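In what comes next, chain A is part of two complexes: it sits with chain B in the first one and with chain C in the second one.
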Partner chain A sequence: MHIPDGFIPLWQCAIYYVILIVALYFSLNWARKNLDEKMVPLMAVLAAGIFAIMSMNMPIPFGTSGHMVGGALVAIVFCAPEAAIIVFTIVLLVQGLFFGDGGITALGANVLNMGIIAGVVGLYTFKGLRKSIGKYPAIGVAAWLSIFLAALATALEMAFAGTFPLVEGLAMMGIYHAFIGIIEAVLTVVVIYVLEKIRPDLLAWNRNKNLEEIKPEQSEVTAK
Partner chain B sequence: MSTKDKYFVIGGVIICLVIAVMSPFLASPDPDGLEKSAENLNVAETEPVLQSPFPDYSIEGLEAIGQIAALALGIIITLLIAYGVAELFKRRRPPEASK
Partner chain C sequence: MNRTGSVIDLERETSKESSLHSMDGRIKLIILIFIIVYAVFSTQIMVMIFLEIYLLMLIWISNVSFKTTVTRVLLLLPFGGLIILFQPFIHPGTVIWSGAFGLQITYEGLMWAALLVSRLIVSLTSIVLLSSISPMQEVVQSFRKLGMPREIAMIFSLMIRFLFMFYDELHRISQAQKARCFDAFNKELPYKWRMRQLGYTVGMMFLRAYEHGETIYLSMASRGFSDESNLYHDKKRKIGSREYTFIIVTIALVACLQIGAMLLFEHYGFLGIRIG
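For the complex of A and B:
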């Protein structure tokens, strides 16, 4: 879903760049407060892994293909969408500058879709669902929804840019990415499962109980 | 970096490089969701603003080997930049908190 140069008029690109700068400001502040020494190699490997997996397009119906994005993955692993924003700014910058994948003028919009929207949707869907449907199903649904909503956001941006008609754009992006989301869901579950097996200490929910695993209701009840 | 973290980075890079070696052969050449939508809606292809050194993850004149090399280069560049950024912006504990 990398938007190339020329799909968005420059004045709109400027709006997305402003969003990117504001998001980066908050994300780097988050890093200064929360990104400890141990997370540095994790962030580097996830960024490299996302760069790599984005080259592996898998076929979906309609003569179309799609690849894993990983916005939900990074946000869930770090329990912070800010981490996804940092990682995607780096990955998309490298892809745009060196490999012509995703326009440099569209960098702001691409980080908005694949980093901010996918990260926020992924993390909060996961947090909202994990108690009711379990950890791994919640990860799968969160990853699927992160791609689907990021694609719809891309369609809205394309309509705002005057490049795609609104309804057809939403319908096509929605249908294709409903399939691509399945790839995202499977791979996100696999990567987190493997991390949980080999390095559980790297997952944020095992480190600082960001998600208040058992606490909320039970501890309130006992306190009263 | 602890030994455990070194193994983690080495293992991660190996997996990335395995993907880089496989994807020129395995990756689907079909357009992705956005490209396909643009095609269906008759949106003309556009030219990049900047001429990138390795367009479409390829090196001119080299086939699969060039793609693998371009991907491997991208993986290493991304790894190093992300490592550098994370190292630069990581939390620095005040000295009294570390003991």
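For the complex of A and C:
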């Protein structure tokens, strides 16, 4: 899903960079309000973790392989698409600058797909489906849809750039990522399940719940 | 896509000594990104050939191994190569070959594919050169000096530090799995079970990530870390004659190439044709 340098004309890269700058502006505002000094190292470690996990090849049914992206995972863990935007800006910058995976001129487009679209779709699908189908099925559907729609967005951008025809691009990217999405869904569910079982305090909804649950009269400091 | 070895190899390559290695990080970053942007802007293969020659000369000056560079570029090519492979068949234009099932290769498609390959090679060579002459932390510092927001620079800097630790852990986990004969691609094992094992591996990676982050945070906090701290150290390095020479030579080359692209190259066959 990483678009390399040279596949998108410069003027279109500029449009995606403007989208990236606007998204980063709002994400940084969110980070300043919501991330304390403890959360900054945690987010950096999460970015390194996403980077390492993206290098793990996983088997897909029908004999091919793919890797996890994690846009929905980051957004769901932090309960904020802004977290996915910040993490993926950094991860894709490192991948583009040091490993030639993705591109520097195409960074805006890649963050749009894997950070903004995957993060927003992942989180809001999860929030929308959570009550109706249950937490873990909602996480699975959200992760699958995030990767599927991000892939379709990549196909649209490539068609807009004149690099790949729209219908063929949508069909190829759609079919391939429908299978890649299975990995994304299964692994996102397992990771959140593991976090929920072992370290529930790391999930944003539990952190918020814990804060709400501590009433003033229950506070140790107030009681003394 | 396993970068376990390459992360370590990259940092080893940056520890070499040359006039390019010791240059100010900002200049290396700006100039090599400038070359990539110009390659993406240009539509003539001739321009790409001259840019590639210039980059190969820089690689020679910087004592970076040609073999390593070529190997890395070749390993990275398939990522975009698949899309390029389709180009001769999907672009409308003058048909130069027809085959079974209505397959046709057009001249325009072939030229577009050649342009994309040449752009990709120039971009990848620039990236390989940049990553071979600049340690990751130097690039982070350069971004910070160039105005990257403090929060992003902080996460970026910390992420680079954790990256090496993660690759060690990933390597250890995969070694442990191999020692127990686990192969995620072994079709004898049930697919669901393999996915569950991979899920637990990823889950453990995340948990270790968080827990390492917490430990590191506590040790940083005990050394005076706060949300106002700057984690990068500013080396007082002046931009000298070497940096100015590098800037002038690159800009002069790009200016000459642009003049040649507008006035001269079109007279030199298909390599000079404007494509797209």
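Keep in mind that, in the parts below, the second predicted complex is superposed on the first by the 198 of 224 C-alpha atoms of A that agree within 3 Å, B and C clash if a C-alpha of one lies under 4 Å from a C-alpha of the other, contacts with A are read in each partner's own complex, and residues count from 1 in each chain.
Methods note: contacts are C-beta pairs under 8 Å (C-beta built on N, C-alpha and C of every residue); 3 or more make two chains touch, one makes a residue touch a chain.
Note that the coordinates shown come from a computational prediction; the quantities given were computed from them, not determined experimentally.
After superposition onto chain A, the modelled positions of chain B and chain C overlap sterically. Judged by the touch definition given at the top, the superposed model places A:H67 against both chain B and chain C. In the superposed pair of complexes, A:P137 makes contact with neither chain B nor chain C.
When the shared chain is aligned, chain B comes close enough to touch A:M173, but chain C does not. Once the two complexes are overlaid on the shared chain, A:I183 sits against chain C while remaining clear of chain B. By the touch criterion defined above, A:G162 lies against chain C but remains apart from chain B after alignment on the C-alpha atoms of chain A.
When both complexes are overlaid on chain A, the residue A:Y193 reaches chain C alone and has no touch with chain B. In the superposition on chain A, A:A151 makes contact with chain B only, while chain C stays out of contact range. Comparing the listed stretches 77-85, 95-103, 239-247 or 257-265 of chain C against chain B after superposition, the clashing one is 77-85.
Annotation: chain A residues 2, 4-7, 28, 31-32, 35-38, 40-49, 51-53, 55-59, 65, 67, 86-87, 90-91, 94, 96-101, 103-105, 163-165, 168, 199, 202 touch chain B in one complex and chain C in the other.
Listing the residues of chain C that touch chain A in their complex gives 1-4, 6, 10, 33, 36-37, 39-41, 72-73, 76, 79-80, 83, 86-87, 90, 115-116, 119-120, 123-124, 127-128, 130-131, 136, 139, 149, 151-152, 154-163, 165-167, 169-170, 184-185, 191, 194-196, 198-207, 209-214, 216-217, 220-221, 225-227, 276. By the touch criterion given at the top, residues 1, 4-5, 8-9, 12-13, 15-17, 19-20, 22-23, 26-34, 36-38, 40-41, 43, 45-57, 70-71, 73-83, 85-87, 89-92 of chain B touch chain A in their complex.
The part of chain A that touches chain B in the complex is made up of residues 1-7, 28, 31-53, 55-60, 62-67, 86-87, 90-91, 94-101, 103-105, 151, 154-155, 163-165, 168-169, 172-173, 176-177, 180, 199, 202. Listed in rising order, the residues of chain A touching chain C in the complex are 2, 4-10, 13, 24, 28, 31-32, 35-38, 40-49, 51-59, 61, 65, 67-68, 86-87, 89-91, 93-94, 96-101, 103-105, 158, 162-165, 168, 183, 186-187, 189-191, 193-195, 198-199, 202.
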